[in-house]
Amino acid sequence: MAERKNEKFRNKVYSIVFESDTRPGRLFDLILLWLILLSIISVFLESVASFREKYIAAIHIIEWTFTILFTLEYALRIYSSKKPLSYIFSFYGLIDLISFIPNYLSIFFPGAQYLMVIRALRLLRVFRILKLSRFINEGNILKDALKASMHKITVFLASVITMVTIIGTLMYIIEGEESGFTNIPVAIYWAIVTITTVGYGDISPQSPLGQFLASILMITGYGIIAVPTGIVTVAMAKATEESKEKCPECSSPIYPSKANFCSNCGKELHPKA
Amino acid sequence: MAERKNEKFRNKVYSIVFESDTRPGRLFDLILLWLILLSIISVFLESVASFREKYIAAIHIIEWTFTILFTLEYALRIYSSKKPLSYIFSFYGLIDLISFIPNYLSIFFPGAQYLMVIRALRLLRVFRILKLSRFINEGNILKDALKASMHKITVFLASVITMVTIIGTLMYIIEGEESGFTNIPVAIYWAIVTITTVGYGDISPQSPLGQFLASILMITGYGIIAVPTGIVTVAMAKATEESKEKCPECSSPIYPSKANFCSNCGKELHPKA
Amino acid sequence: MAERKNEKFRNKVYSIVFESDTRPGRLFDLILLWLILLSIISVFLESVASFREKYIAAIHIIEWTFTILFTLEYALRIYSSKKPLSYIFSFYGLIDLISFIPNYLSIFFPGAQYLMVIRALRLLRVFRILKLSRFINEGNILKDALKASMHKITVFLASVITMVTIIGTLMYIIEGEESGFTNIPVAIYWAIVTITTVGYGDISPQSPLGQFLASILMITGYGIIAVPTGIVTVAMAKATEESKEKCPECSSPIYPSKANFCSNCGKELHPKA
Amino acid sequence: MAERKNEKFRNKVYSIVFESDTRPGRLFDLILLWLILLSIISVFLESVASFREKYIAAIHIIEWTFTILFTLEYALRIYSSKKPLSYIFSFYGLIDLISFIPNYLSIFFPGAQYLMVIRALRLLRVFRILKLSRFINEGNILKDALKASMHKITVFLASVITMVTIIGTLMYIIEGEESGFTNIPVAIYWAIVTITTVGYGDISPQSPLGQFLASILMITGYGIIAVPTGIVTVAMAKATEESKEKCPECSSPIYPSKANFCSNCGKELHPKA
C-alpha cells in the first residue's frame, strides 16, 4: 500500500519535473528557466574583476544557493525517473550533472566554477517548455538538412584542412619567424584565420611573395564558402519539400502549399462541408 | 457651413501631407525628402570637430530651422489625420516624432541632437513616394521570405548564442586576462567577433590551446553561415514562386514565366486577339 | 576610284582592329592583349619606390612607347569606324581613350599616369577575342540574374544604409571620440566595416555597451548576408532555367537536360537516324 | 617458371600496395595512414623553435626513418605497377615522390624538409582506403558541381580581379604611402583583403575619401559573395538531381526520393514481392 502511494507520488514528481503539460509542470519549467538565466548572469558577473573584488561574498552565497537547488533538482530527476541510468547517461542528463558539478570542483580547483556556463545548454530545453511545436518542427528540418549534408561537408572539410596545412607550411618557409609565423602550427592557424575570412591581423604577411600567396588563399576562401552554402541550401530545399503537408489520398506532397486539389491524384483538399 | 469648409480644407491638407497622387502631394513629398537628407548631413557635419568649432552658429541656425519645419509638418499631420491617435502611435508616426524631439532635448542634454539621424528611417518612405510598385512588390517578397524564415532563424540564433557563451567562457579560462580576455562577457564578445568572421583582432588568442579552440570556432562560423543562407534562399524561392502570375482559369502559378498555355489546365494565356 | 580603294582599305583596317575572325585580326588582338598586360605591369613597377628610383628613365621610355602605341591604335579605330562618334562615346571607346590620356595629363599633374591601370578594363575584351561563346553565354546568365535581382538588392541596400547610419550614430554617442569614433561619418564607416564582416580593427568599441551594440550589428550582418545570396541564387536558378535548350516542337525547356523525350509534348529529342 | 613465380609475387605486392580489398592490403593502407600522420606531426614539431633546440637529434632520426620507409614504399609501387611510367606521372605518383624528396634536398638546402607536409595530400587517399563509396559519390557530386560552375566562376573572378586592380590604384593615389599604401601591388593586396571581407587591418584607409571608397568596396564585396554562392548552389542542385536514383523503366529521375511510383511512366518502384 505504502509502495503504491510512493509510486503515485513518484509519478506526480515525474510529471512536474520532466513534463510540462500540467500547470505545476509548466510552472516548474518556467522557474527553472529563470534560475538558469540568473545563475549564468551571476557567473558572468563573478568574472568581472571590479565586481568580484567588491561583492565576492554575495556572489559566493548566490552561486552556492543555485548549486544546491540544481543538485536537489538533479536528485529529484533521478528519483522520479523510471529508468534512472538511462536518464543519467542521456544528453540532457549529462548536461544537468555538468551544470552544478563545477562549483563543487571549484573548492579544489579555483576557476572551475566558470564551467557552470555549460548550463546554458539547458536553456535549449526552452523550446520544449514553450511547447512550440512549430519551433521543434523547424529545428528538425534544420537537423535533417545538416545530417543529409554531413558526408559532403566532411569531404569539404578534409579538403580545406589539407589546403591550410600545405599553404600554412609554405607561408612558414616564405615569411619566417620575423613576420610572426613562428612555427608551422601557428602558420596553419593563420591560414585558417585567413581562409575563413576572419582576418584578425595579429599575424599578417610582410613580403610581396607572402602577400601574393595570401591573396590566393583569400580569394579561394571567398569562393569556396559557396560550397557549404550550396550543400546546405540544396539539402534544406529537400528537407522542406519532404516535410510538406501530404495528400491524405495518395500521400504525395501538396504543391503549391495552398492548393485546392492534389496535383497528383486530384483529390479535393479543403471540401467546404 | 464653416465646419464643412474646414472639413474640406482638412481633406486637402491630408491629400498633400499623407498622399502623393496629386501634384502638390508629390511636390510636398519631394521637398520633404530633400529636407530630411539635408538635415541628416547637417547633423553629420556638426559631429566633425573641426567643422563644429568653426561654424557652430550656422549649424545651430540650420538645425533649429529644420526642427521647426518638421514640428510644423508633424502638427499638420495630426491636424489633418482622421484618427490622430492611430497616426501618433503608428510606426511612421513615432518616427516622425523622434525625428525632431532630440533637438528640443539637446537644450537640457547636450549631444541628444545626434539622435536626429533616426529621421533617416523616414527616407524609407521614398519607396512609397516614388510610387515604384515594383519596389514595394519586391520588398514584400523579401519581407515574406524573412517572415517565413523567422522560426528557423530563431532556432539557429539560439544555438549560436549558446555556443558563443560556452566557447567564450572556455577561452576566458584558457587565455585569461593577460591575453585581453578580461572577463566572460568580453570573451563572449570575442567569440561573436570570431564566429561572424568579423575578426577585429583587438583581442586574439595567444596560447596554442586558445588558437586551436579559436580555429574550431572559425571553421564552425565559416560552415554555419550556410544555415541562414540556406533558410532564406529556400524561403525566397517559395515566396517568388507564390508571387508569380496566376492562370486566370485555374489560378495555378504559370510556369515557365512566358508560357503560352497554362501547364495545369491548358488555357491559352496570350490569345492573339 | 581612289575613294573606293580607300574604302576597301578602311574596311580591311576595320576587320583587323575591331574584329577577330581573320588571322591578322586575331593576331592584332593577341598583341594588344600582351601590350596592355605589359603596360599595366610597368605602371605597377613605377609605383614601387625602390624600383622607381633606380630605373626612372627606362620606365618613362617604356610608358611613353605604350602610350604612343595606344594613341595610334585609338586613331586607327576612329579612322576605320563607320560611325566614329558612336564608337568614341561607346563604353569601350571611352575606356580606350582613358587608357592613354593619363600619361599626357601626367606632364601637368604628376601622379596622373597611375590612372592608366584603367586600361585593365580593356582586358575584359579578352572574352570576345578568345571567341569563347561559352564564356559569353555564362556571362550573360550572370548579367541576367543580376539585372533581375536589381530591385530587390536596391531595397536591401537602402535598408542596410539606413541601419548603419543609425547604429553608427548611436556608437558615436556611446563610445565617443576617445575610442576612435571621432565623428558620425567615421562611426558609419566603422558600422560598414562591421556589418560586412570585414572588421579591420582600426576602430573598435571599448565600453561594454558599445561591445554589446557591436555584437548585435555583427550577428545582424552575419544573418542578412543570406538576403543577397538568396536573391541572386533564386534569380540565377531562373536565368539558368530559361537559358536551357528548348524543345524544337513546343519550345518548352527540356528537363532533365539529357532527356530523350520532351516532358511537355512527348517529342523524341535525339532520334537515332 | 621463375618468371611466372616472380609475376605472381608482383601481383601479390600490387594487391597489397595499391588495393585495399584484401586483409593485408587494408592493413598496409591503415599503417601507411598512421605513418603519414605521425610524420606530419614530426615536421610540425621540428618547426617549433623550443622543441627543435631540445630534441633535434631525435627529430632527425624519426624523419629519416619515415623518409626511408616512404622511399621503400615508392620503390615497391614502381616495382609492382604494371605500367610504372603511368604511375610515376599520375597525380598520386607525383605526390608520393614529393612526399619524401624534400628530406633528401634538405641536406643541400636546409629548410626544404618542411615541404614534406605536402604528403598531407596523400591523406586524401583515406576516402579510397575506407571504401566509403558514399563519400566518393558525394565527392563526385561536389566535383561535378564545381566543374559545371567553372566558366561562370572564371568570368566572375576576371571581373573581381579587374575591380581590385582599379580600386587598389585609386586608393594608392588617394591615400599615398604614409597610410601604408606603399605601392600599387600592396594597394591591390589591400583591396583583395577588403573585398573578400578578410580585413586584417594591417593597412587601412585614413582619409575621409579613402574610407568612403573602402566602404563602397566592402559593400560590393559583401554583395557579390552572393554570386559564386548562387552559381555553386544552382550547379549543386542540378548535380544532385542528376545523381538521383533513376526509374528502371523510363530512366527519368525518381521524385520525391521515396516515391512508390515513377512520376513519369507510373511504374511501381518497390513491389512487395
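Here the chain labels run A, B, C and D in written order, and each chain numbers its own residues starting at 1.
In this section, a residue touches a chain if its C-beta (ideal position, glycine included) is under 8 Å from a C-beta of that chain, and two chains touch if they have at least 3 such contacts.
The structure displayed is predicted, hence computed values, not measured ones.
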Interface copy of A-D among B-D, A-C or C-D, judged by whether over half of the contact pairs recur: C-D
Rotation angle superposing chain C onto its copy chain D by C-alpha atoms, nearest 5 degrees: 90
Between B-D and B-C, the pair with more C-beta contacts: B-C
Farthest chain relative to chain B (centres taken as mean CA coordinates): D
Chain B-chain C separation of Cα centroids, rounded to whole Å: 29
Centre distance in Å when chain B and chain D are each reduced to the mean of their C-alpha atoms: 41
Where chain C touches two or more other chains, by residue: 185, 197-201, 221, 225, 229, 231, 233, 237
Of chain A, residues touching chain B in the complex: 40, 43-44, 47-49, 111, 114-115, 117-118, 120-121, 123-124, 126-127, 134-135, 138-139, 141-142, 145-146, 153, 157, 160, 185-186, 188-189, 192-193, 195-202, 221, 225, 228-229, 231-233, 235-237, 240, 256-257, 259, 263
Complex interface listing, chain D residues touching chain C: 151-152, 154-156, 158-159, 162, 165-166, 169, 172-173, 177, 182-185, 194, 197-201, 204, 208, 211-212, 214-215, 218-219, 221-223, 225-227, 229-231, 233-234, 237-238, 241-242, 252-253, 264
Residue numbers on chain D that touch chain B, as the complex places them: 197-201, 229, 233
